[in-house]
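Note sheet for the following structure.
For clarity, chains are labelled A, B, C and D in written order, and residue numbers in each chain start from 1.
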Amino acid sequence: MLRPRSGIQQWVAREAYTLSPSVPVEEYTDIFGNLYQRLVAPAGWFQVHTSADVMTADVVDKAPGAYFVEIQHLPDAVLSYLLPSRYCESDRFGNLARDIVDGTSLGYDQVGRISDWIRDSVRYTPGSSVLPLSAVEVNGWSQGVCRDLAHLGIALSRSISIPTRLVVGFLYGLEPMDLHAWFEAYVGGLWYTFDPSEDTLRGGRLAVAYGRDAADVAVYHQFGPPAIFSSMDVRVELLDGPPG
Amino acid sequence: MLRPRSGIQQWVAREAYTLSPSVPVEEYTDIFGNLYQRLVAPAGWFQVHTSADVMTADVVDKAPGAYFVEIQHLPDAVLSYLLPSRYCESDRFGNLARDIVDGTSLGYDQVGRISDWIRDSVRYTPGSSVLPLSAVEVNGWSQGVCRDLAHLGIALSRSISIPTRLVVGFLYGLEPMDLHAWFEAYVGGLWYTFDPSEDTLRGGRLAVAYGRDAADVAVYHQFGPPAIFSSMDVRVELLDGPPG
Amino acid sequence: MLRPRSGIQQWVAREAYTLSPSVPVEEYTDIFGNLYQRLVAPAGWFQVHTSADVMTADVVDKAPGAYFVEIQHLPDAVLSYLLPSRYCESDRFGNLARDIVDGTSLGYDQVGRISDWIRDSVRYTPGSSVLPLSAVEVNGWSQGVCRDLAHLGIALSRSISIPTRLVVGFLYGLEPMDLHAWFEAYVGGLWYTFDPSEDTLRGGRLAVAYGRDAADVAVYHQFGPPAIFSSMDVRVELLDGPPG
Amino acid sequence: MLRPRSGIQQWVAREAYTLSPSVPVEEYTDIFGNLYQRLVAPAGWFQVHTSADVMTADVVDKAPGAYFVEIQHLPDAVLSYLLPSRYCESDRFGNLARDIVDGTSLGYDQVGRISDWIRDSVRYTPGSSVLPLSAVEVNGWSQGVCRDLAHLGIALSRSISIPTRLVVGFLYGLEPMDLHAWFEAYVGGLWYTFDPSEDTLRGGRLAVAYGRDAADVAVYHQFGPPAIFSSMDVRVELLDGPPG
């Protein structure tokens, strides 16, 4: 899952995707609208290289006060983001979530409060990731990578009936540079960005895939004899103005 | 999620679905093909009544020796049943699964071996259900209802790369009568039925919904002020021959 | 395509669908959300019987003045109802449509004007149908059955950029009773009912299938040796109050 | 509809898509799997530029003798390609088609015979296109552009129950160079390429979009004040080996 799509928030102006050695690939659209590629990697050294020029906003929309959407008014396509999922056991977090948002007005502000609480309560440890942790595990261990913090934010928000989804992609200026993950919440009739791993919510984001959690949007799922991961190199650069 | 659909294995000849008091309802098809209904229940006593005359086989197809489908040959629509899900943490079961199926030929026989192992190792406790348990929990506690046993079968099978899905429905002759749950595995190019809560795999099954696990196919998801569940009555009767 | 679905405008409370002799059937959902059934009919006499108790409104919503939705604001799912289709050659009707709606305010009123124009200009000849006629043919011959009139309404409306779709179903009190067809236009953010075969727009409608035109929503598509149609019997009765 | 997708028959290794001046665009997947882009073009001069490096076969698969797939064995997703559509009135061609394929074995050879018959009977007039013609019109006028010839091939094939679809894309070496259109037929369990505008079926094809006919896969649908088309420039070049 490495090919970004043009959408409301970003436009893919140029893109490249090459495999060395070259092998047959099939591409599909999953149930979340992500493009994914299926291939049988050859034995031996194998390289995947992708790059894209993408136009995206340099500030993120915020909407303090955006209203809570009552369940009966949620669009059909949003409903599956309310349910518990592999790494977001929202069915086990009701008490904690209600405690965190106590006194907060319904909707955007509740998710903002949850995101702040995670930033204060869970240590962000970039680079420490092996397997994805579930929200219950992240909460128990009080530390995690960006994806783990997002999982906790998702589980807490869903447990108070706010639809939330994981976004995997890139963030300009991230230190150290790596793939990044954050989450979006559906309030006020739109999806808004939250990122509990950051002190300030910055723009310059490129979404590659959306899903309920990391089980849906792994960069790759690998089956068969184990692949030995030799290196991954991630770069995000600012281009000059719109592509010509 | 209470309206069964006609499919390859069953034909819905008559059906009724009534609400008392009557309220507006919308019906949708989810990503797994299930029909589900959305409604706002009124305050006070509320009754849902459904019934169906369904033609279904009185024996279940078995296929000992059916081959393992290599990942690259799986149909696109089957892939999501390979991934870990809320109650089936297949990413945590690789060692146990490989141990159970050691020496078994790839495919149907592996799932059969897993189903037998669950029947021997986990105590089936009908009626004890409150919340769904995840496969990790079921394995730790060594007991569960039909749905919990199915979750464990699903997680173990997926961890050895066999697609599996949960089926919720009814089984003729089940004692005590209740909703039932079992699982299907995709081997030999088809979905086959497994039921670790039964000594013998019986026919007379009516599938109401399919999903990755109980998070997808709950009979109902309820939001808002808690509903007090006053009673549920389930009956399955054998009709005389095809409906006239 | 004979199994109605519950939707925003109707609720299927009871339903029956039987085949004599009984044969295996598979059921699918098409791209418009309709349920359809595939079967191989046996040689000899073959009967299909369906019935349903459906709750539906006894008046149809009208919305004079409802606004024209600009193309860029149409939901993605509505776009395909703007394009020309088999029996609705909207790419050949621009001049006529602009002439008919001249001076009318954009949106609902334009479609109302088109529907009135058809009622005045094309003779409604119930029962005369053999094959579906296309809008160009209906306009040339100035007569047709309900479906043909609806095709013309659809083609004219699309040619002025208003999304329209064909509805096949039943109408309480239709004389002579038969299957019926009408059309819906997307204006003011909703689908509204228009029926150029009627002087007054009556309620008591049961929709069985939606599509761009009759090519999408034939009651049946038959392939292979020709079936000889021996008889079709259609009845619509008013039931007493909500089903118990 | 200008962004090709990677699929079984082609791999998009590099791609660019730019608009001058730059405007917001949204991208969607239609019901046929094509990517399409929605945008509001500004008043004044507006340019769309796309390019792609695509790996595709230099010969086209042929399969003389490939069997006719009986309707009951057609995959669900293929069924809509059997029905008549806007420019392919297959419901009006039964007699002609049966006459053309008389004595030919069922399946691939029938479509081959139809394609040959069109090449012999309809004059290919590249560059003469204004609006798409329907198969009935093409047959009546006995001339047309590549797309018109493909429409006739589609209508004739569907009328003998063989699913067919239009492909819009590029063909290496086409003289004069332009967008190209051909059709595919579903026989022997696969989609095979036919091109009645060519004497010999050449490879070097890049598919941009699939649909039932040109109504589904127009390069652009334009609404609102008419755009004056100032120029279109199409180039297809052979690259050296797989991209590095």
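The working rule: a residue touches a chain if its C-beta (ideal position, glycine included) is under 8 Å from a C-beta of that chain, and two chains touch if they have at least 3 such contacts.
What you see is a predicted model, and the numbers here were worked out from it, not measured in a lab.
Averaging C-alpha coordinates per chain and comparing to chain A, the farthest chain turns out to be C. Because chain A and chain D carry the same sequence, their contact can be compared by residue number, and over half of the numbers here are used by both. The mean-CA centres of chain A and chain D are about 37 angstrom from one another, to the nearest whole unit.
Once the centre of each chain is set as its mean CA position, chain A and chain C turn out to be 43 Å apart. Rounded to whole angstrom units, the spacing between the C-alpha centres of chain C and chain D is 30.
Residues of chain B found to touch two or more other chains are absent. Chain pairs that touch, as defined above: A-B, A-D, B-C, C-D. In the complex of the two chains, the chain C residues touching chain D come out as 28, 30-31, 38, 40, 71-72, 76, 80, 82-86, 89, 91, 131-132, 134, 161, 215-216, 221, 223-224.
Across the complex, chain B is touched by residues 5-8, 11-18, 20, 22, 24-27, 29, 33, 37, 55, 242-244 of chain C.
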